[in-house]
Amino acid sequence: MSPALLYTGSGIILFSIGLHALLVHRHLLRKILAANIMGSGVFMVFIAMGVHGDSGVADPVPQAMVLTGIVVSLCFTAVAIVLAVRLNKLTGCTTLAVDEESSID
Amino acid sequence: MTELYLGLALILLLTIAIGLVRILRGPTATDRMLAAQLFGTTAVAILLLLGQAAGNSAIWDVALIFALLTAVAAVTFVRRKDIDSTTETEEHDGTD
Amino acid sequence: MALTDLITAFLLLGSLGFFLAGTLGLLRFPDLYCRLHALTKADNLGLGLVVLALMIQSDSWQVVIRLLLIWLLVLVAGATVAHLIARKAQQDGHQPWRR
Amino acid sequence: MELALIFDLILLITLIALAWLLLASSDIFRAVVLFIAFGLLLALAWVRLGAPDVALAEAAIGAGITGALLLVGLGRLGSAEHYRGTRTRLTFLQRLSAPVLIGVMIPSISLILLLELSLHASATPGQQGLVNVLLDVSGTNHGVTAVLMNFRAWDTLLEKGVLLLALISIWSLDQARPLFRQNDISPQLTGLARLLLPIMIIVAGFVLWQGDHAPGGAFQSGAILSAGILLAILVGYTLPTRRQGLSLRLLLAVGFSVFLLVAAATLLSSDYLLKYPDSLAGSLILLLELVATASIAALLAAAVVGGHPPDDLSKPVDRSSAVNGGQT
Amino acid sequence: MTELIVQQQWFLWMTLLPLGAAVAAFLAPRQAHWIGLVTALLLPLCALAAIAAATLSETQTITAGNWPTPLGIALRSDGLALVMLAVTALVGFIISCYALGYFPVRGHHQSRARYFWPLWLFLWGGCNALFISGDLFNLYVTLELVTLASVALIALEGGKAALAAALRYLFISLLGSLAYLLGVGILYGTYATVDIILLGDMLAATRLNHAAMSLMIAGLVLKSALFPLHFWLPQAHTMAPAPVSAVLSALVVKCAYVILLRLWFEVFPALDTIAIGHLLGLLGSIAIIWGSLMALRQERLKLLIAYSTVAQIGYLFLVFPLAHTETMASAWIGGVLLMMAHACGKAAMFMVAGTIHHTAGSDRISRLAGAGGPIGVLVVVFTLAAGTIIGLPPSGGFFAKWLFINAALVSGQWWYLPIILSGTLLAAAYIARVLGWAFLDVKRSSYPVIPWMMKWPPLVLSIIALLFGLIAYEPVQLALSGAPVSSPVLVEFGP
């Protein structure tokens, strides 16, 4: 068990936990948190798989990609929160309406 | 010496893990925020020790940023409570 | 082992005591105000001792200044936030715990 | 070495436990606070993985912006799960969730095992070597900055676009509302802000400057600055109304625009997108980072405020709903 | 003159131009519509220039910054990229004209016009950047650019249903792109590159690579709304304002699909993909039948069109099982053709639906009774566009299906034949249902005047869609240049 592998595995577990929560939970903020945790898992895989050998120095390319990814996921978080607040203002719900019929009209 | 730094960092990490119980248990929102605040300080200490152990000063910059910014979340929390506890029309206070 | 290392180890162990006390207080103390009290000790002294220990190990004044800056920031921010939180708690109507 | 491994192990167990607890938490506020703690520990993980640049970014946004975003959002949203009517019919996906959980966990675990096998088999050297070789001509002395601002600058350009786009989306959705009530800002808070703000600006400058040869750079610096702006807003500072129009928009867009202009100029002059002239590479990267920092700081703070400033185009609004009320 | 054309990298300008225009539209909201219109005029010209330049020059791949490929980002002007750029330019131009009429610059909803243009131009730039990208991570960034713009555009409608649809779409896309990104991360960890061409050469059929492939394909399938992961699409596409619906159905869904095509034919050919191909084919077949049946049941025109999109996406996924060695080119080019034809036809249909909604106040199909008289031009447009969806000759849809059927027969997969045929019949049925209402002999009075811009642009597009088959030779030749497939295209039934 090398540390890199440990982190890679944890990244995948975080991804799965986030995925599960994103599907199951209904409160919008919880979905947003779940997506963020999924993202963190993916980024952890990126970085951990970029650690080669025992040098302990990570490859700069995946680091740069993860920085880009963090910015993108932050953007999505911000937009999702504003959307959720706006939806809450109109409907009083903090969940996505399940009811198909009423959401069409 | 490196073992000492790492060992201490390890124990501090354990205190964070144990301290999570307070966030879980609450009972009030303020308690939870308080525990997070303590974690911030502990994380700064851990980062300082890790930085010393690795001989990498970039890690101390992370500690510096933590020291600088943990206050912002706490201040947001304190200020935000203002709107939560005073407007009943459109906000639902469900923090407890 | 050099004397500086010995002092460092001593200081680090001391800081550990404060952090442990802080966590213990956070967990065991009965109400918010008591916990606040425990937390500020950990902030100020636990981190202070770590900073001191590392300062002894450092070989340049820039490192010392950096460490001091970090400590001061935590000190100031921690104190203010503790104050704000306590005041908020009071306004929200939390009664201090009595035996 | 063993100690380090134990540290990693405990860190990861805590992270995973945190993720699980916060997502399963019945109380949303608790989930948000746990998420802030999660970000804290995640920064430690990046440090352990030898990725201080990412750790800096995580610290800067995790401690500052993300916490603020979530807390403000939660304040406006409320945490109770309101359902419309009494219907709580499960959606297709929710009914699928239990099998999905099993179906996801088992493949993940097998994936981990696969990884173990293959990581031993193929030890690719990564692009470390290539980056180091080309670092001399990249115009900067730090690998990650070189990748971000030069080798993969096209990604970074588009990422700046995503940031601006996110802000436009937010503005299209809502009008800015005050983050808090204007009353009683305690003198201690104002004092704290007065003390911290200059330090934040200095540290942001330091991080930006450091990005040239060590971990740091535009995004980290911008995130610190945005936390500073946020702190200023929280103690009651508002942007003067006359600055909320074109000046604000220019500030928000300058990072992306300059990047685009540089891309267009390089395309015109050299036929290659974002191929900086050798002699100018250093200065161009510095320019791009400077404007990007300014824009990122403004964009992130504006994202927390969460809406467009009142403007003359739409119907008149009362002044109290200006970005943060009237007081300065 | 030719020198000038060849020397400029027009396909790169096609990404910079809309992005720059988006910023300009954001900075000068009062002039936003002019900026948008000028950009929409310039982009088709750029597309023509890019195609001309591509036919004159040999190089199809350059890298950003001219850095060598494992490090630099490859940008490609191969056939697929050029064809998609051109279709996007054409459809985008028509949609921009339509939007000029749909979002009045003055009046009650002017703030929507104010934000539509920068968002739409961002989306356009993002699509173009996606089509030319030859780098898996860059594809992720561009895909997110497109997604975020789409989310905001759906929400632009402002109602609660639209907001809910936008938010659901956001979560779904986030899920899809994170799954994709995890696959990219695993590939980078093993091969230290994310360049499509390099990966295609290096990839070996290991189990880890199969895992990465499954993750990436699953993510993209979710984003391109293949049955049963289509559940978000009808809401998202119907709740949006009409020009946005057109953009989403015509272009955005294709973005994820283009990435899938690139992955399947350029990155993963070395892997064992037969089983996954059959799975995708099966899901595609179900999507064709299910989508068509659902379309037949809808009471609202926009929902009908949206479900029709679900069905058409099903056809697109038939490419994967049908592409065997000797049918590779037929299936591939069939997919590309169908993408182009569907983009034109579906955009026209959504615009017509938007106009009808605008004038009749509702898009209930029953409200169309007798509409054939007063808004006859719209019904004509709808019919023409529907021709390509059904697959009537000489539309592009017809040729695409013809190629599919050929590929199915040659590769011995005859069971796709009845699926394609019944899909066609069902499509004809749901279109006929709409037209049946429209030509009912009911006296309709008082339709408000339809703005000029909302009437004629869709007509142009629908005519192009219907006649696409007649001019299909040029685009097919273009798409095949630099295509990852090399077998002959089968236009006649082979043994």
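Labels for the chains are A, B, C, D and E, by order of writing; each one numbers its residues from 1.
Going forward, a residue touches a chain if its C-beta (ideal position, glycine included) is under 8 Å from a C-beta of that chain, and two chains touch if they have at least 3 such contacts.
Keep in mind the model is a prediction, meaning the values are calculated, not measured.
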Check your understanding: So which chains are sitting against subunit B and subunit C at once?
Key -> D
**Study point:** Interchain contact steps from subunit A to subunit E (minimum; 1 if touching)
**Key:** 1
Check your understanding: With chain centres set to the mean of the C-alpha atoms, which chain is at the far end from subunit B?
Key -> E
Practice item. Skim through the chains and flag the pair connected by the most C-beta pairs in contact. Key: A-D
Study note, to complete from the structure: subunit C to subunit E, mean C-alpha position gap in Å, rounds to 58
Check your understanding: In whole angstrom, what separates the CA-based centres of subunit B and subunit E?
Key -> 46
Point to revise | For subunit A paired with subunit B, centre-to-centre distance based on mean C-alpha positions, whole Å | key: 21
Point to revise | Rounded Å distance, subunit D centre to subunit E centre (Cα mean) | key: 31
Check your understanding: Which subunit A residues reach two or more other chains?
Key -> 8, 12, 15, 19, 28, 48-50, 59, 61-62, 65, 68, 72, 75-76, 79, 83-84, 86, 91, 94, 97
Exercise for review: For subunit D, jot down the residues that touch at least 2 other chains.
Suggested key: 4, 28, 48, 72, 76-80, 82, 93, 111, 115, 119, 124-127, 131, 147, 151-152, 155, 159, 162, 165-166, 169, 173, 189, 192, 196, 199
Check your understanding: Can you list the subunit E residues in contact with two or more other chains?
Key -> 71, 137, 141, 144, 148, 151-152, 155, 186, 189-190, 192
Practice item. Spell out the residues on subunit D that touch subunit A in their complex, using ranges where they run on. Key: 4-5, 8-9, 12, 15-16, 19-20, 22-24, 28, 31-32, 35, 38, 42, 45-46, 48-51, 53-54, 57-58, 61, 65-66, 69-70, 72-74, 76-85, 87-91, 93-94, 96-97, 100-101, 104-105, 108, 111-112, 115-116, 119, 123-128, 131, 143-144, 146-148, 151-152, 155-156, 159, 162-163, 165-166, 169-170, 173-174, 219, 300, 303-304, 306-307
Practice item. Please name which positions on subunit C make contact with subunit B in the complex. Key: 5, 8-9, 12, 15-16, 19-20, 22-23, 26-27, 32, 35-36, 39, 42-43, 46-47, 50-51, 54, 57, 63, 66-67, 69-71, 73-74, 77-78, 80-82, 84-85, 88-89, 92, 94
Practice item. Under the touch definition given earlier, write down the residues of subunit E that touch subunit D in their complex. Key: 7, 9, 12-13, 16, 19-20, 22-23, 26-27, 29-30, 62-68, 70-73, 75, 110-112, 114-115, 118-119, 122, 125-126, 129, 137-138, 141-142, 144-145, 148-149, 151-152, 155-156, 186, 189-193, 206-208, 211, 228, 231
Revision key, fill the gap. As the complex stands, subunit B meets subunit C at residues 1, 4-5, 8, 11-12, 15, 18-19, 21-22, 28, 30-31, 33-35, 37-38, 41-42, 44-45, 48-49, 52, 57, 60, 63-64, 67-68, 70-71, 74-75, 78, 81, 85
**Study point:** Residue ranges of subunit E touching subunit A (in the complex, touch as defined)
**Key:** 71, 137, 140-141, 144, 148, 151-152, 155, 159-161, 163-168, 170-171, 174-175, 178, 181-182, 185-186, 188-190, 192, 235, 238, 300, 303
